[in-house]
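The same subunit A turns up in both complexes below, where it pairs with subunit B and then with subunit C.
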Partner chain A sequence: MRMSKIVRTGANLLYPFILIFGLYVIMHGHLTPGGGFQGGAVVATGVALVIVAYSFEEVTSMIKKVGMKARESIGLLIFIGAGIGALAVGAPFFSNFLAHSGLLFGQSIPSGPNPGDLNTAGVIPIMNLAVGIEVWGGLAIIVLYMLSSIPKEGS
Partner chain B sequence: MIEMAIHSLVIAGLIVSALMVFYFRDLLAATLAAGFFSFLISVEFYILQAPDVAISQAAIGAGLTTAIFIITIRATSRYEGGNP
Partner chain C sequence: MKRELSVVIFVVLAAGLCAIPAFLTFGEPAESGMDQYFIGNGQAQAAANNIVTSVVFDYRGFDTLGESVILFAAVIGVGLMFRSMRGEEEHEDE
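Up next, the complex of A and B:
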């Protein structure tokens, strides 16, 4: 069963906007509500929208199973790499060694009421990014495997 | 006062959408009603000042669960009790 042209065009139009909003939620995870898991779930919703709108043969030319598996693995590798990186500089495991260092995400937070600076919080945004990429791949591949079990003829 | 009114409206919508899930024979419509139920739950979480949980509920409950149900309906039959 193919979805109608309205559904397919709407999915094509909405897909980049949902992707951008989910990546915004991931990237601002340490400042605003949401974080790695919530943003990754929003991105995976956009992928699921495309997966629902098309048939399996059309989806596999756009969204690859290998790419989603690679996202899941790369996210977990970045997460554990951020933990081991703290060991490499002599701090305890998973310690926040980038905060107040002046390097990546390393600025100090100004005191008093302020709108929040993206370039703060040390290793937390990196872990948010890792969890976001991992949840994106994991939840998308669940829906993709659901679709791959539909028989060819359909109803 | 206004909060009480919004709470009552959301909870009434929850009950109505849950009854719609129960009564629909068209399973696609029942799935969309379940998605609307999840959306109302996420609005309720937002009113109760838990925006984190509201984003999770809107993405997982209203988005991914509905997508999985729609894929299942595509693999089986659309109407309850009908011949496949």
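Up next, the complex of A and C:
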């Protein structure tokens, strides 16, 4: 089913903004409310908007199932890799080995209320990003699979 | 008979739901020691301003791993179910 031109134009217009907002929620998960799961769900909402606005044949040329499957698997692998990475430096599994290290995301923060800095919190932003990518791919592929079982119009 | 029974069950459950606030006070959990630990030490230990995220990804990181794997398994299940419904029509990227 293909929606009217108004709906398709609106979806085209909103899709990049929804993507950017979702990635913002993912990347600022350690500073503001939200995080990987929530931001990934927001991004998947943008994908669902495009799927609703266009017909299935058009959507599969824009949003590839293989890409979404790859996002899901790569996200989970990065997440587990961030957990195993702690073993490489001699810390326990899933410990926050990058916090206070001065390396990537390694800045310390003062105690109490403060505006915060993106370059803090150790492995938490990496795990947020990994989970966000995974939820993006996972929810998008669920919607794509459910859409693919709808019979074609006119047949 | 069945209709009256369902009405009675509904009334009893609704009354029980309305009676809960009379027995419990809002905002006073029985155990608050762990909350105070996270609020007091979360910023210093995890270096994250958002205590909720540092609980989810740092203190309880292993639980979040299970959550992610459950999502992965759910996607695999949905894929299996809807692929069998799709039948002979296969897609180009499969």
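Some notes on this structure:
Keep this in mind: the second predicted complex is superposed on the first by the 150 of 155 C-alpha atoms of A that agree within 3 Å, B and C clash if a C-alpha of one lies under 4 Å from a C-alpha of the other, contacts with A are read in each partner's own complex, and residues count from 1 in each chain.
In this section, a residue touches a chain if its C-beta (ideal position, glycine included) is under 8 Å from a C-beta of that chain, and two chains touch if they have at least 3 such contacts.
These numbers were taken from a predicted model, which means no experiment stands behind them.
Applying the stated clash criterion after superposition on subunit A shows that subunit B and subunit C can sit side by side. In the overlay built on the shared chain, the residue A:G35 is in contact with subunit B and with subunit C. When the two structures are aligned on the shared chain, A:M146 is found in touch with subunit B and with subunit C. With both structures placed on the common chain, the touch criterion links A:L49 to subunit B but leaves subunit C unconnected. A count of residues in subunit A touched by subunit B and by subunit C gives the higher number to C. Of the two partner chains placed by superposition, only subunit B is touched by A:V25; subunit C is not.
Once the two structures are overlaid on chain A, subunit A sits at the apex of an angle of 50° toward subunit B and subunit C, using CA centres and rounding to a multiple of 10.
Of all C-alpha pairs spanning subunit B and subunit C in the superposed arrangement, the closest lie 9 Å apart. According to the touch criterion, the shared surface of subunit A, contacted by subunit B in one complex and subunit C in the other, consists of residues 33, 35, 37, 142, 146, 149.
Contact residues of subunit C toward subunit A in the complex are 43-50, 52-54, 56-58, 61-62, 64-65, 67-69, 71-72, 74-75, 78-79, 82-83, 85-86, 91-94. Every residue of subunit A that touches subunit B in the complex is listed here, in rising order: 1, 25, 33-35, 37-38, 41-42, 44-45, 48-49, 51-52, 139, 142-143, 146-147, 149-151, 154-155. Looking at the complex, you find that subunit A touches subunit C at residues 29-33, 35-37, 60, 64-66, 72, 75-76, 79-80, 83, 93-94, 96, 99-100, 106-109, 111-112, 114, 116, 120-124, 127-128, 131, 134-135, 138, 141-142, 145-146, 148-149.
Interface residues of subunit B, counted against subunit A in their complex, comprise 51-52, 54-56, 59-60, 63-64, 67-68, 70-72, 74-78, 84.
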